[in-house]
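The two complexes that follow have subunit A in common; it is paired with subunit B in the first and with subunit C in the second.
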Partner chain A sequence: MIEQVIFYILTAIAIGSAAFVVTSQHLVRSVFMFFVTLFAVAGLYVFALADFVALTQIVIYVGGVLVLLLFAFLLSSKNSLDAISEIPSGLLSANRLPAVFIALAFFALLYYVFNSVNFESLNWIQQAKAQNNIISVSDNTVRNIGVNLMSKYLLPLELVSILLMMALIGAAHIARKEPKTP
Partner chain B sequence: MITLQHFLLISAALFALGLYGVITRRNAIQILMGIELMINASILNMVAFSKFDRAENTGQVFGLFIIILAAVAVAVALVIIMNLYKRVQTIDPSKTKSLKG
Partner chain C sequence: MNFYLLYILVALAIFGFIAAFALFSVYAERKVSAFIQDRLGPMEVGKYGVLQTAADILKLIQKEYIVPTLADKVLFGLAPIIIFLAVYLGFVALPWAPGLVPASMNFGVFYVFAIISVEALGIMMAGWGSNNKYSLLGAVRSVAQIVSYEIPIGFAIISAVMIAQTLDLQVINQNQGVLATAPVQFLGFIDVKAVGGILAWNVFQAPHLLVAYVIYFIASLAECNRAPFDLPEAESELVAGFHTEYSGMRFAFIFLAEYAMMFLVAMLGVTLFLGGWNTPLPNIGTLKLANYTTGLFWGIFWMMAKCLTVVGVQMWIRWTLPRLRVDQLMTLCWKILTPLAFLCLVISGIWKLLLF
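Now for the complex of A and B:
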């Protein structure tokens, strides 16, 4: 019972703060509200029995990505805040209406699909249930993830690490000062 | 009882909100945050389905990979945004017209 209460509170925080992030006119407020969204989504990962992914989310997203966002904001847009306030506010103003319609239609489509599919009768889920292949609350998944990363998913892991290094070198290359001669 | 449907509906709501943000925002950093929101919704889906795969943890491992790729994308995109600001003094994507024909 208590876990359902916490789950619904986390859901309300995640969706409410996400709505604030995408509707706020103030860039700084929306960046800081994004912190709250990421923490709440990490809590939802814990409820989906993926504690290692939740920890990674907090370390990489909150520790890395958001600090990067704040840096970019501090370095770039000190006068773009004035231009932002000129946008007509209000959720249903004329230039927002198509976006609201598209987002609502997309959500309605997903809602219809998720309600019409019976996931319990899917083939692989029934197979997993028959073989007792379901993660339970008391399982220690971190060790299993580590073993799998180093055996079954070794090639994707190495590819991702090479891509990470390429992206870092590329980012440093793009960000360098350009030479004065044209 | 928290079922699979709950997670799928929450991720659908987060994805729709991110889509709205990507369409309406006039600020490249906020558009980037909308994209991050959509990525988070997809990770939530991966993780929710991963409950039915205890032996191989496919959903969780690919959730980790998606988080790493999102961090890479953010790093490169922020560098591009800062370069854009250096050149045209704005980060509003609708005002950067130098590539228009």
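Now for the complex of A and C:
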């Protein structure tokens, strides 16, 4: 009972704050509001028994991406920010219409899928139930993730780490001092 | 329903502890600084000035909330709450004694690490919301510093977790003493499970963790924005950094968060490296000192003793060392601490592969 109440509160916060992020005129406030959205979504991950994903979301998005967004905001020139605020911003103005259309279409798609699928009778869910391949609340999901990353998904993990390595080397190269040309 | 009552009580107890600790440690800090600088420190209010911080708190509660005219009022008001909450929530996962932990989770280390990274956002909010160039510069410095030092701190923590083989803070604690459920080996080869005491602490189970602890300690000073890493509030350049515009209770909350953060990083470090609530006294033959001094109250006692010692060292360093320059700060982080932390990580991996 209380779980359901908390779930609906979290979804309400997530949706409300996300709506604020896209409609607000105040760029910094919408970045900070995005933090509330991310936190609420992290809470929803906990309800899906993905607590590791929830914490990773907080570390990466709040500690990394949001700070990066704020720094980018602080470093961008005032002129370009003013130019943004001059764009007409009514809900149905010309530059918002495509976005509204895509969002509505996506919502319709999701709604259609949600209505036409009976989740209990899906084949793979039935199979997992029959084999008792189910995570319970008290299970140690971190161990599961660690073992899978180091065995079944080792190649993708290594590929991603090479990608990150390339990004790091690139960043170090860009940040480096220019050699003095004589 | 008693269930929820207990939750509220635990939350209140943690808050009460933080407030009491801040009161005590502000007084201690003044006395320590006075001792180091050959002064007397507060002497007027109460015997030896013991009531000085209580008087300060009374003053802060009475003060007016002053909001600058051009400040972003919403962000300005919310920032101290977010800064405090981030640190306060970190305390939830930290164990105090055998069987005494506010919320037991199987990824406690990661949780604490994640939740204290939220503090950076609160500081950014305070700096931006104040609409003051000193506040903003202080906040930018502080966030750059916190984000950079999260890397050596993270790797130092991971190298300890690799030795402990779990993310559950309570299990990490347990496996550093006589109550261990996993093999405990002094220096990696002498079995000391029955002896316990100081020999079973993580830093002595794997000696390279001593280096990792020093890295952790240095980086944690930077995470708390304390001297010698107090550039974000460098008085000589930035007035008071990101909290220049704050007054009254809002300032009190930022201050409370700073002192709570000191205790939090001390507690996490003690748990991961220095045996947590385990006693330093080993069992010697028939004299079962370790068994006698392990238990609920002993656990709290040892935890408090170790944490207060670490906090004492933090204060000692603050009043002894001069402040670093920004470039020195970044050099220390990226060119010294990060490679060393990586080395600790590699040694931890080899250690586990070769010895077990």
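The rule is simple: the second predicted complex is superposed on the first by the 164 of 182 C-alpha atoms of A that agree within 3 Å, B and C clash if a C-alpha of one lies under 4 Å from a C-alpha of the other, contacts with A are read in each partner's own complex, and residues count from 1 in each chain.
We take it that a residue touches a chain if its C-beta (ideal position, glycine included) is under 8 Å from a C-beta of that chain, and two chains touch if they have at least 3 such contacts.
Keep in mind that this is a model prediction, so the values were computed, not measured.
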Partner chain(s) touched by A:Gly64 [first = subunit B, second = subunit C, both, neither]: both
Partner chain in contact with A:Arg29 - subunit B first, subunit C second, else both or neither: second
Which superposed partner A:Ile9 touches (first subunit B, second subunit C, both, neither): neither
First, second, both or neither for A:Leu74, with subunit B first and subunit C second: second
Contacts of A:Asn140 with subunit B and subunit C, given as first, second, both or neither: second
Larger contact residue set on subunit A - subunit B or subunit C: B
Partner chain(s) touched by A:Phe52 [first = subunit B, second = subunit C, both, neither]: both
Subunit B versus subunit C as contact partner of A:Trp124, first or second or both or neither: first
Partner chain in contact with A:Leu38 - subunit B first, subunit C second, else both or neither: first
Overlap of the subunit B and subunit C footprints on subunit A, listed as residue numbers: 52, 56, 64, 71, 141
List of subunit C residues in touch with subunit A within their complex: 72, 74-75, 105-107, 110-111, 113-115, 117-118, 120-121, 124-125, 128, 136, 140, 143, 147, 150, 167
Of subunit A, residues touching subunit C in the complex: 28-29, 32, 35, 51-52, 55-56, 58-59, 62-64, 66-67, 70-71, 74, 140-142
Subunit A residues within the subunit B interface of the complex: 3-4, 7, 11, 14-15, 18-19, 21-22, 27, 30-31, 34, 37-38, 41, 44-45, 47-50, 52-53, 56-57, 60-61, 64-65, 68-69, 71-73, 75-77, 80, 83-84, 87, 95-96, 98-100, 102-104, 106-107, 110-111, 114-115, 119, 124-125, 128-129, 133-135, 139, 141, 144-145, 148-149, 152-153, 156, 160, 163-164, 167-168, 170-171, 174-175
Subunit B residues touching subunit A - in the complex, by the definition given at the top: 1-2, 4-10, 12-21, 23-27, 29-30, 32-34, 36-37, 40, 43-44, 47-48, 50-57, 59-61, 63-65, 67-72, 74-76, 78-83, 85, 90-92
